[in-house]
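Pasting a structure below so you can have a look.
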Amino acid sequence: MKKISTVEQAIANLKDGMTLMVGGFLGVGAPELLIDAIIEKGIKDLTVICNDTSFPDKGVGRLVAHQLVKKVITSHIGTNVETGKQMHDGSLEVVLSPQGTIAEQIRAAGAGLGGVITPTGVGTVVEEGKETIELNGRKYLVELPLKADVAIIQANVSDHKGNLVYDLSARNFNPLMAMAADLVIVEANKIVESGQLDPNFVHTPHIFVDKIVEGGKNG
Amino acid sequence: MDKATIRATIANRVAKEFKDGDLVNLGIGLPTEVANYVPEDIDVTFQSENGFIGMGPAPEAGQEINNLTNAGGLPVTIFKDAAFFDSAMSFAIIRGGHLDCTVLGALQVDAKGNLANWMIPGKKVPGMGGAMDLVTGAKKVIVAMEHTAKGDVKILSECNLPLTAVGVVDLIVTEMAVMKVTDKGLKLIEINPEFTVEEVQAVTGAQLIVEDDLIDMK
Amino acid sequence: MKKISTVEQAIANLKDGMTLMVGGFLGVGAPELLIDAIIEKGIKDLTVICNDTSFPDKGVGRLVAHQLVKKVITSHIGTNVETGKQMHDGSLEVVLSPQGTIAEQIRAAGAGLGGVITPTGVGTVVEEGKETIELNGRKYLVELPLKADVAIIQANVSDHKGNLVYDLSARNFNPLMAMAADLVIVEANKIVESGQLDPNFVHTPHIFVDKIVEGGKNG
Amino acid sequence: MDKATIRATIANRVAKEFKDGDLVNLGIGLPTEVANYVPEDIDVTFQSENGFIGMGPAPEAGQEINNLTNAGGLPVTIFKDAAFFDSAMSFAIIRGGHLDCTVLGALQVDAKGNLANWMIPGKKVPGMGGAMDLVTGAKKVIVAMEHTAKGDVKILSECNLPLTAVGVVDLIVTEMAVMKVTDKGLKLIEINPEFTVEEVQAVTGAQLIVEDDLIDMK
């Protein structure tokens, strides 16, 4: 079970049309080397799940700017002019969803839950087309789990087995996405021998991680 | 009032709502400035929805840390008792009722406590980010904004822009007044002595109920 | 906001009939000093939420053995003969629920979710009397959040503000219960100055914690 | 067969189901012994549902650590690449499909893959602990148990004790045989050469479908 690989090997099984989760919050904690590689290889028609579409020159925003994304599920697109442009010309489908709901939807997929019961979005356009449920006299939306074929995430340190530690606010969606994709690829600033991380302070247990590449742009 | 005075007036007044021990989330823009006016004798913890509590002010130039930004992507500092977590925990805090107060801007707010602050159809669709979660989950929701948008009325009897949430706003603080959302409608509880009640009402699209003991803005 | 207090001050507001969450897994990670104090004060008719009822002489099991519990919501009672005895003589109501479901129910209360949508328990007695929902062709139970008046938990280290770090398998339900009660009392093996814990490796952020007492029996 | 041989036979056979890289949860009792038979050329990680992966064998006497026990409360060790987490994460792993295999004992198991292993009404009610979660969430569910309970049949056409879960069991391993749950019923795929098919069938309450190329138990 050797997980450490080159960037090329790590993304070898990515294909056009796949659903891809990309870690990062306005680009902080985004796997830039893996994004470089996807752009270079021109993997397209992607459905992307991410917190926000960042900036045209940073993080997941670069996939949008390179027109590799056909649909994005996200909470915020205001910082990426490309997202808005492609949404208006019809080349990019944008599904906007509350940030906390996306976090719980990803976690739900990772945790084997059938959905998320949340009051967020009730009485707004977010409610449209969704199942609702009333519990203890309060109305809730039933939001379905969000799962991906592949998650590309960024960590500060990975050991050889794939135990991960994140750095400060670069953690954000990365640990959640690690739980919710069939193939999880980590870009780590630093790779250390097994046993170098304190088991009491691992943020993501290695069993979620499939491939590890050594990064460099972040942190 | 010039822009700087307007912002200072609003931020200063909002900060008076906090109590010792409060956990507060400040939206980007004007609400961020509220942090500068917290009374020194109370201990308020600021949350940043990208994943930590214990947020401090912006760093001095050259002291920025790449992986330490606020939810607007700007460099910040942390206090020594800060704690970082992932987005699920961040929104568990927000949605689970652990946030004592959230302060946000608004495109529109109305007498029923409805809030619209995330899109203008056909014009501007930035997305809701964490706003829907914040106003649905926080114990107290304060809208902090200029009373009008270049003269256009923002405080209405009913919002006509897509809502962020229904019936969630508790308090509206502008440079002219402080208004409380009540079952009966918007109650004017404090007024900036530079304005009269009539002047405030004239730029407000909802009928204001004037508090019997209306006082000057704190 | 001084949170550090004596055991007596910490439990001063506990009253007969309250709902109490107690951390620990077969007694590992249980707040023994706080349990001592509750027994000493004789606070009774408690509804207790816990993973298991431990042993008669350990952790939450001691509250049962002292007949202070009128109802318990738990996943396992097999190691505490007192629980079984009181269940059979009718003095203790026992609600058995799957361990993972209890974990999610507590988390749901802490995270503001209206309920948990889970396949666990479908087609078993656990389903009885519960709402079900069908999503994507699969049947799920809707389990309601579990909230408490008070949670008593155990940590290895707390700083003065209440940031917590747990030790090894003593973590278990403690971080979840910290999120789901009106009053959260922590028994920490060690209390350190603010700033002594690395913000990147805090298990429970201080905002969940109301009272801190210095422990000793555990760890 | 004596008890020790029975347990060794079952544990040894179950261990052959694991693949390199698997994450496995072993129930208390007999299933725990499976860890001793994992082939040396594959890397299997054991999860303990009280909150960690990377569980190792019991420590030597005097080397026990108070806060390091398995889900049965017994002292264990960890390997160097272990990781600890809370109960929500532990069951996210179990329920989210991340567990490749779970091995449990049974009071009863039937031809439809139903399992009963958590209570005997009016007699013994220990509770389900994590069992319902484990069998509902794991990719592969193996029941490892003695073929009968002091002669009483445990493998049935339909369980009559309260169920742990419906239709979840994949494989049943006893000291006499290995049986696979299929759409058509229980298929006998391996047999301990010390027994005949007739002998196995005689102590099995469900009709066994005998695999064409029935082989000796591995």
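Read from first to last, the chains carry the letters A, B, C and D; within each, the first residue is number 1.
In this text, a contact is a pair of C-beta atoms (placed from the backbone, for glycine too) under 8 Å apart; a residue touches a chain by one contact, two chains touch by 3 or more.
Since we're looking at a predicted model, the values are computed, not measured.
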| item | value |
| --- | --- |
| Winner on C-beta contact pairs when A-D is weighed against C-D | C-D |
| Centroid spacing, where centroids are CA-atom means, of chain A and chain D in whole angstrom | 35 |
| Averaged-CA centre spacing for the pair chain B and chain A, given as whole angstrom | 29 |
| Between chain A and chain C, centroid-to-centroid distance (C-alpha), Å | 32 |
| Overlap residues in chain B, where contacts from two or more other chains coincide | 52, 84-85, 88, 91, 94-95, 136-137 |
| Residues of chain C engaged with two or more neighbouring chains | 104, 107, 111-113, 118-119, 166-168, 199-200 |
| Each pair of chains that touches, named by its two labels | A-B, A-C, A-D, B-C, C-D |
| Footprint of chain D on chain A - complex, ascending | 1, 107, 109-113, 159-161, 163, 179, 194-195, 199-200, 202, 205-208 |
| Contacting residues of chain C [partner chain A, same complex] | 104, 108, 111-119, 131, 133, 135-136, 138, 140, 142, 144, 165-168, 199-201 |
| Contact footprint of chain B on chain A as seen in their complex | 25-29, 51-52, 74-79, 84, 87, 94, 96-101, 103-104, 106-107, 118-126, 156, 166-176, 203, 218-219 |
| For the chain D and chain A complex, residues of the former touching the latter | 20-21, 23, 43, 45, 47, 52-54, 78, 80-85, 88-89, 91-98, 136-137 |
| Residues on chain D engaged by chain C in the complex (per definition of touch) | 48-52, 65-69, 71-73, 84-88, 90-91, 94-95, 124-133, 136-137, 162-166 |
